[in-house]
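Two complexes, one shared chain (chain A), two partners (chain B, chain C).
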Partner chain A sequence: MFDPLFIAQLLLNGLVVGAAYGLAAIGLTLIFGVLEEVNFAHGELYMLASYSLFAAVSFLGLPYGMAVLLVLPIMALVGFGLSQAAILPNMERPFEVTVLSTLAVAMILQSIVRLTAGSTPVNVDTVFETMTFEIAGILFFGQRVLILIVALLSIIAFAVFLRYSRIGLEMRAVAQNRLACQMVGIDLKRIANWSVVCGVVLTGIAGVTMAPLFDLSPDMGVAIVFKSFAVVIIGGMGSAFGAVVAGILLGVVEAFTTGYGSVAVSEGLFFIIMILVLLIRPHGLFGRTVRI
Partner chain B sequence: MIPRSPYLIMLWWPILALAIASTGPSQYVLHILIIAGIYVILAQSLHLVLGQLGLLSLGIPAFFGIGAYAETLLSVHFGLDSLLSLVLVAGITFVSGLVIGVPSLRLSSHSFVIVTLSFAMLLQVIAFHWVDVTRGALGFPDIPAPSVLGFSWTDKTSWLIAILILDVVTFAAFIRIKTSRFGRALAATKGNEDLARAVGFSTFRVKLLAFAISGTLAGIAGTAYAHYITFIDPNVFGFSVTENLLIMVVLGGSGTVFGPMIGAVVFTVLPELLRFSPEFRSLLYGVLLLMAMLRFPLGLGELTSRFRRKK
Partner chain C sequence: MRILRLISVFSCAMVLSALPVLAADIKIGFPGPITGNLGFLGEHMKWGAQLAADEINTSGGLLGGKKIKIIMGDSKCAPAESVSVVERLISQEKVDVLLGDICSGATLADMPIAKREGRPMLVTISSHPAISEKSGVGGNPWVFRTSPTDAIIGALGGKGVLDQGFKSVAFIAEDTDYGRAGVESMRQVLKGKVNITSTDFTAADQTDFLSVLTRLRSQKPEAIAIYLLDRQLFNFMKQYQQFKLKMPLVGRPPLGSGLVTDLVNSGDFNGSWTVFQYLDSYDSKENTAFVASYKKAYGQRPHFAGFAMYEGIQIIAEAIKSAGSTDPEKVREALKNIKYDSILGKIAFDDHHQAHNSILKMTIIDGKLKVTGVVGQ
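Showing the complex of A and B:
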């Protein structure tokens, strides 16, 4: 039961899934941090990325890498569309208008996928899935290693983008003080579009790398949005760093509770951790103090 | 804002429903009317928090599900009189509303939306996995017919009458709340929370009480649903109820008195008339909701801000 190898294996699995959770949650927290808008279509965007990957692999017969390269620009376009239809028009309106608009987008995306791909779960096969190698008794699966590498690279690349690019600088400025940014001539709409597109692409990267691990179904977004919200709330809304830390934390918690208990326990535990964090630190572990 | 005799105007729905029922329609038409009647109660539940307080609660299915499961367990295990168990369930959902409300209402309005949604999802997870009590994914088939003071019914006409009575009672309660001192406290809290607090309202208590009453209404709808459909499973906690309710309340007009009631009836009947598949209905609802938000986010955005400017 408390075999060190088993524990190390669980830890590794948790890190992998946690990195992907963190990556997906950055997509959500970025939009909140910069624009203070909650994107309820988040889970469906993740689902859309996974299904687009499935379509590219199964129907177009593309190899996994090519399929990913095809899906990500599509996600960028979808992000732009989301920004135009549901986020930009509602920036000056009460927050619940954006919540309802993005919920509407979620309903549209989910029913489109249901109408085109059907409701039966599907599966994406990649070459990495069957690839396994063993180091010191711990099993490494190709796809999981890929997830870890891609997630870490994306997070680092995004951090560099935020830190050093002009757009990244402007995003951080808008997050700090929107009014002051408008006064010094930062184009708020442009930054809003960039933030939403970046957020959706990051969500998409998480979606396409995680897709081969689990069965896909049109309602998978509900579980994703639940986990991403938990990650974002625990990490502190608007904090990218918090999202990564909380994502990994929850990934590891999930791996251990599923390893020693059941999936139900881990889902319940997510929620309980979320409520506890909210009660003790209403702004999350890294809210307010560390912003994007 | 409130018509002179809202108690009379609200009777349009029971009168309309009974008029249709009196023409001897098919069982299917009666079924649609009954479902519309259940949605009228649920719409009132969301309307109380969203329309009166501007709180977007996505946790209505939590209370709907608690109500359905509590009623089922009470009638299967104890065989209580339905009126008695209805009162018990109302109490249970009211207390659940307090329990869920205390942590959720302390949060920012963004987090409130997320946490109320999470509560519904957590309860669904519990319903799936606490097999000893809830029978898990199998659900409860053959829930016994309700019996009130020894009188029991299963036919759809009696059901329609029973649901219409519940509709009238809950809507009357809603108007009573809206026109009471508590209703003015709600309006004050929605209009300007700091000001309301400054003039002596405990806005947290006001919100908590409204949230718990909203939960009670959803719980009552849940009991009716469980007895009428005679089968429940963890999907009663599902998101599709919220989806329908948002369309009904928001498109019906959450800033108005009768809007959500009209929305509940229209958006139950319309998809049936047009014979949409659930997928297509969801697509259409999504497009309608998005367009409504873009063109006239009335009741939510525009109406509240107009209301604020007047103050």
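Showing the complex of A and C:
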């Protein structure tokens, strides 16, 4: 079992699965990082992006790349709607109001998809998903490699946006001190809209790149939201970099425990790590100090 | 004003006069997943039951024209939710007869309520051996089951592995009563004869099998025995295809599910087989007619869950007809003595209220799932 090829394959699996966890969680952590609001509709937004991709590929007959280009602006609009309906009106209210209103959005989105598309799962086929390359005995899967690349590009592009664009700088300022921002004339509502739109588009990117891997169903967001929360808590609430690192850490741990143990062990371990991190570093691995 | 008052009095009279007719409906209720990861199976449950009720109602109903009304409550396939649905079906909806949930754990939790409230309950999908062990003689007198038990299916699966001379097998199953009972039944047959290289129980909503498949690729068992439901099987088969593995899938994978038809037809799973109680392409006049009306009504070919509920309602209707009443005790006695010609054989219950209709062995040959054996229990 200590075959180097086997270990290398597990390591690669961990990286690709972990990158997917990280990518799926960035949108959640971003909204929290800037606005300190928890978006419970995160999983359903991921589901909505996946279903929109399915509709674009199956009903409009678009190739995968074109479908992605169509879905992401739609997700930006959905993000703007979410911000207007469930986040902006509640920013000055107690924290649980946003939790409940985003939870309501989650239920509404899930029901709309169930009523329009039905409960029967669907799937999206892409060229990448059927590609498997074998290099020196190690298998590389097309769609998963794409996810790894997209996760890395997303984090780099987002870091550049935060550091060098005016909106990005304002978002960081709001994350650091909301009151001071208001005093110097930063429009908080505009920044809140931008943060939610960016967060939802990032969740959309996760949805459209991961959709071809698995079947799609109206309840698929529930499973992703639990893992995303675990990733965000381990990485540090509000830290996009932390989310990717925590995702990859969990992916690698999961790959090795499943490889050498069983699936049941790895599932438990995911949440044991979360509890341990909370005990040792209550703000997560990259919480507070390296916020967005 | 007077006209308005007259209209409202007339409307009230109409509603009141309609009430006795509504109250006289025969109510058949069941818990099943409407939301959650098994929601689509619940949809088929509802469709199958409704199709049977519609057919009976359009041909004149039961007991001199009474209509069957189907009531389904969302259990999410969780035992606690299922129990509260059954409580509500009995206390508020006043159902005459119950059907079991889809998941064995939920059905096992519902059984004591059927007993306490004295309502016949027909289990058509759940397959845990304990359901019939706890029913009939010395147990719950209200519960009957048409679906075969995992003990029988597991034994047939184990025999299939031995017949093919496989020396090693890996198990992968969902971590539920269904998955664990299935693996255990098959393992009993294989014990000491076949090397079991690994056993993985996964959460029922697990979609990623990358690491398990990596291990299986390295361990190289001669076959992979599966106890997963449709959605997990779809994800497993899709990822298996990416690994380009060649060992056949055996045991009880739901290969007849519409979700995996494209994967079955790809030819990458030739030689894989399953033991199941229904296949929509099963060649018989009755089944062809059933499939045609199901497809016409719902736009999809029937899933096993739809078929099982369709037959369940027909069996209950037969029992009510022969009892001449919806009185629970009379319906229960009628069920005990029923001889129903099902699409796959005759259904009659033994002293543990377990029916013994046919089971199909199906094999993928040249990218097509074909019935390669019909086994009487």
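One rule holds for everything that comes next: the second predicted complex is superposed on the first by the 286 of 292 C-alpha atoms of A that agree within 3 Å, B and C clash if a C-alpha of one lies under 4 Å from a C-alpha of the other, contacts with A are read in each partner's own complex, and residues count from 1 in each chain.
Heads up, the rule we're going with is that contacts are C-beta pairs under 8 Å (C-beta built on N, C-alpha and C of every residue); 3 or more make two chains touch, one makes a residue touch a chain.
Nothing here was measured: the structure is a model prediction, and the numbers come from that model.
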item: Combined model on chain A: chain C and chain B, fit or clash; value: clash
item: Touched partner set for A:165, first chain B, second chain C, both or neither; value: neither
item: First (chain B), second (chain C), both or neither touched by A:90; value: first
item: Partner chain(s) touched by A:177 [first = chain B, second = chain C, both, neither]; value: neither
item: Which superposed partner A:217 touches (first chain B, second chain C, both, neither); value: second
item: Touching partner for A:114 - first (chain B), second (chain C), both, neither; value: both
item: Contacts of A:267 with chain B and chain C, given as first, second, both or neither; value: both
item: Contacts of A:101 with chain B and chain C, given as first, second, both or neither; value: first
item: Partner chain(s) touched by A:6 [first = chain B, second = chain C, both, neither]; value: second
item: Residue range of chain C overlapping chain B upon superposition on chain A, of 8-16, 26-34, 62-70 or 98-106; value: 98-106
item: Common interface residues of chain A - those touching chain B in one complex and chain C in the other; value: 110, 114, 222, 262, 264, 267
item: Partner chain A, residues of chain B touching it in the complex; value: 50, 54, 56, 103, 106-111, 113-115, 117-118, 121-122, 125-126, 128-129, 239, 243, 246, 250, 279-280, 282-283, 285-290, 293-294, 297, 300-301, 304-305
item: Partner chain C, residues of chain A touching it in the complex; value: 1, 3, 6, 9-10, 13, 16-17, 110, 114, 118-121, 123, 129-130, 132, 139, 141, 144, 213-215, 217-219, 222-223, 254-255, 258-259, 262-264, 266-267
item: Residue numbers on chain C that touch chain A, as the complex places them; value: 34-37, 39-40, 42-43, 175, 198-203, 205-208, 210-212, 214-215, 217-218, 231, 234-235, 238, 241-244, 258-259, 300
item: Chain A - residues contacting chain B, complex; value: 32, 36, 38, 85-86, 89-90, 93-97, 99-101, 103-108, 110-112, 114-115, 222, 226, 229-230, 233, 237, 262, 264, 267-268, 271, 274-275, 278-279, 282
